[in-house]
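Encoded as structure tokens, the structure appears first; notes follow it.
Letters A, B, C, D and E name the chains as they come in the text, with residue numbers starting at 1 for each one.
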Amino acid sequence: MTNPAPLSSAFRQALSEAWAGGSGLLLPLGFFAGTAMLIPFSLGSDAELLARIGPGILWLALALASMVTLERVFQADLQDGALDLWIQSGDSISLIATSKTFAHWLVSGLPLVILTPAIGYMLGVPVGQMLPAMLGYAMGGLTFFLWGGVAAALSASVARAGLLIAVIALPFFVPAIIFGVRVAEEGLNGVGLPFLGASMLFALGVAPPAMGAALRLAAE
Amino acid sequence: MWSFLANPHRFMGFSRFAIPICFAIGALLVGWSLYNGLLVVPPDEAQGGDLMRAMFTHVPSAWLCMGLYAGLAVASFVWFIWRHELADVAARAIAPIGAGYTALCFITGSIWGQKGWGQGWHNLILGDSRLMSVLVLFFLFLGYIALRAAMETRQKAAKAGAILAMIGLINVPIIKVSVDLWQTTTIHQPSSVLKIGGGSDVPEDKKQGMNPVYLQQLLWGFAGHGLLASALIFMLMRAEIYSQRSDRLLAARLEGG
Amino acid sequence: MSGEVLIEAQAVGAMRGERLLFRNLDLEVRAGETVLLRGANGSGKTTLLRQLAGLSEVATGVISRSAAQHWLGHTNGLKAHETPRTHLRHWARVWGSDVDIDGVLERMAMTRPADVPCRMLSAGQKRRTALGRLLLVERPLWLLDEPFNALDAAGRDLLAGMIEAHCDLSGAVIAALHGDTPVAASREVVL
Amino acid sequence: MTNPAPLSSAFRQALSEAWAGGSGLLLPLGFFAGTAMLIPFSLGSDAELLARIGPGILWLALALASMVTLERVFQADLQDGALDLWIQSGDSISLIATSKTFAHWLVSGLPLVILTPAIGYMLGVPVGQMLPAMLGYAMGGLTFFLWGGVAAALSASVARAGLLIAVIALPFFVPAIIFGVRVAEEGLNGVGLPFLGASMLFALGVAPPAMGAALRLAAE
Amino acid sequence: MSGEVLIEAQAVGAMRGERLLFRNLDLEVRAGETVLLRGANGSGKTTLLRQLAGLSEVATGVISRSAAQHWLGHTNGLKAHETPRTHLRHWARVWGSDVDIDGVLERMAMTRPADVPCRMLSAGQKRRTALGRLLLVERPLWLLDEPFNALDAAGRDLLAGMIEAHCDLSGAVIAALHGDTPVAASREVVL
């Protein structure tokens, strides 16, 4: 599919959709901030402990955000008939789905990266770890959203798919989480980064066709 | 053979005889290996004394659950490409059995661990790479079953399940790599049956092959469990085929009335 | 007049659940034709249309498409947050058309609510917006599922006019309909 | 509103709805177990650490489950027109909404309580803390679902509500989490339990009317 | 024949956004009447019906209801996982009716797909299921928004029959409609 117009406008539509889903960026920001706020409450305020595990917990929050966001994306397309139009328009549905996923990652996943310095400071994470952590959240988040997109597409025709998506996607999240945590710990020149990049590229390669096939199935 | 079985009628004919045979031989072998494993062979104190006898269920089930997931993916692939209905029936049947053996591997391993790793071993489970990869495998099975259950029609369940199983299989190596990287130190046995695996950090003494007295029982047990599993799978497949037929009959009657 | 074949279905059949909706259905539509699908509720009109559109698979038979299609189903394909204008502009971009959106909105008599989010539009206004897509790009074959639903008298005449004009320009329309219709059908297929 | 029939059947409908979302209890169980599985990956496998903070993290999982589940409950009612019927039927919409929320809590929240012993055992939580923890999860979970219900009702008319719900509900979750964690730590005869009970009762008192009002608003 | 007043609207008005849809609208419906709401797309029929049903507030004026109502809007109120049978049974329970569900299904000619999840039903079958609710409990006033949409010929006659029977039993119907209709209107209100 050479023509980029469909991709760009699918991207734009998804972006405005994510925006219309509330007050734009504020929502994800608030969500991650809220989760970070909950951490001390649920774990007690042992500073050294927080600094150690806070980032790890944010990984769980990120994984969660990816699933909460994507649940409705494809289901809505199916219910309001937009999916039919996409399939009918003859463009590669995989690419369309990917660019939508990408848009939702931008709105709902990336904010964590923006927040990382603040949250990290709050949790007392060493400054040296901030940059790697941000990079990790960025790449790991994209991976989450891709796999979460596959899970969401697979269960697009299921009535209330929230938990189903989670159960399907969780095993796929494991590598990203492990490598991501490592990147945050051992910095940019450890083995974590290349591995994280590899698993992200892998997701970029495998998830789109899977999403495409799943969506065609859902439209049946 | 599979091309031969691809036809449901032939499969029904074949399985009618295969099931009892597989069951009988499998039960015999498992019983034999258990009898030897639990009563005859001397306990290996280094391996946790009598508890190590769990090995004769543990290792075969461990191998099986991996093999079964591969089988699930292959069946899905066959259905996805050639639309052999029977392949889907097989995939549907393999999933619960595979999940069961994954759980069995975990349970027997835990029993074994009780002594092998001393008290508080359960803390170690979450710290051991091999164990966690089994856990992840279990969730791959779980997701597959849940997804199929959620789909309304057989066709959709088959297609969605196939997609999930295939991408799941190509993810298994990555998951394994990640989990191994996550915990390079495993208190778990290295793959000592075949002298490969275990990683370079495994001390030499652990690397030498397993005592043939055990190995023999292990292999008997493995063969036995393999046969048992296939018998169970065939039974589930038969049940599925019957239900499909009855659905068609019911539908036909509705068309009439 | 018999233009070239735009779509051809041979021995098509459809299963739903375990039940057979129709089988051995042959259909050949040529440029200039207006084919109406008739049949009781649940007889399979929507299913057939979706098969012709390539949205769902055929249980048996083959369908050969030799022309681009416009699809309009029971659902309008509108997003809750879109306005009619943004919706039409979006699909115009996707389909690479540079038609004048305002012109289309005016033709569909949607200039007044052109900037109201679709969630708040009335049923007929939603339908009109969806029908506006047919005017964005020129595609020979239109597949319409009960297109007259929710339209008022003016809207019906408008759509009927669009259909006739389209067929005169050697296009073709396959529409599922109930009751009497303001369009002259060149053929009726009963399911 | 004296007649219990509407409540019971709203309850039953919601129950079957939650059930139809997938294979019944299998999903929530799998979800909580899966989140528990991710914990060591994101926090490392320090046994003593896991034992200490594992339970705290499960609170996050519980909060998440309540949000993922409830997002679509009321939104679906609005879109498919069932909400109109409920309002029209003249029964107290607050009570209807409450019984729906309760049903979804039963299916998606309570399973954590069932799983607590197993997960706790894996994480090496002292046996003595199990019972208090279970009680905490039960009461805290109900509180989560009630507040989550309010948020879901508020955002029923918003397109993509997942994160919005999170932002609205998280502040209300905090007290439940604080006291819940305390209950798990200091057992049944500490101050945690009465406080947790109090916040639950507060939710039970305030959430229903709030839900009712929000839903009437959404139907407009 | 002039039965007692079932609903009365005085000087009712509706705003949407910044826009005034209608105002000073008086409407009084008595038992036995069939009132049709007419008007172009977007003229405010649905809005008025929702106000009469008490689903949305009036901008001006008052509405006094003196009888129980059945509501049927553009949406059918079906849950994706419900089957027609479970749906009707559910609402029968809610409304405390002990009517024979199978009887209702048969009356609506829905016995065949009675156990198919609504998600898979055809548009007309969904509509028939929703219409079945009217037969669960006896309520004097029916508020119907384009009730004939998606129904086939048989379905239209069926519904027309239901409406007439209902009015003969000193019930009343207020329906928003487009185009010509199979029911004899005792009055038409044009918005």
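Here is the rule we go by: a contact is a pair of C-beta atoms (placed from the backbone, for glycine too) under 8 Å apart; a residue touches a chain by one contact, two chains touch by 3 or more.
None of these values were measured; they are calculated from a predicted model.
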item: Chains in simultaneous contact with chain A and chain E; value: B, C, D
item: Hypothetical removal of chain D, resulting connected chain groups; value: one piece
item: Far-end chain from chain E, centres as C-alpha averages; value: B
item: Centroid-based (C-alpha) most distant chain relative to chain D; value: C
item: Chain pair with more C-beta contacts, B-E versus B-C; value: B-C
item: Whole-Å gap separating chain C and chain E, where each centre is the average of the chain's CA atoms; value: 28
item: Mean-CA-position distance for chain B and chain A (Å); value: 32
item: Centre-of-Cα separation between chain D and chain A, whole angstrom; value: 23
item: Centroid spacing, where centroids are CA-atom means, of chain A and chain C in whole angstrom; value: 36
item: Residues of chain C touching at least two other chains; value: 17, 74, 79-81
item: Multi-chain contact residues (two or more partners), chain D; value: 17, 20-22, 27, 30, 34, 37, 39, 41, 76, 79, 159
item: Residue numbers of chain B (touch at least two other chains); value: 136, 139, 142-143, 146, 150, 152, 182, 254
item: Contact set on chain C toward chain B in their complex; value: 17-20
item: Footprint of chain B on chain E - complex, ascending; value: 112, 117, 119-120
item: Touching residues (chain side chain B, partner chain C) in the complex; value: 153, 247-248, 250-251, 254-255
item: Residue ranges of chain E touching chain C (in the complex, touch as defined); value: 16-17, 39-42, 46, 74, 112-113, 116, 120-125, 127-128, 146, 149-156, 178-179
item: Complex interface listing, chain A residues touching chain B; value: 150, 154-155, 157-158, 161, 164, 167-172, 174-175, 178-179, 182, 191, 195, 199, 202, 206-207, 210, 213-214, 217, 220
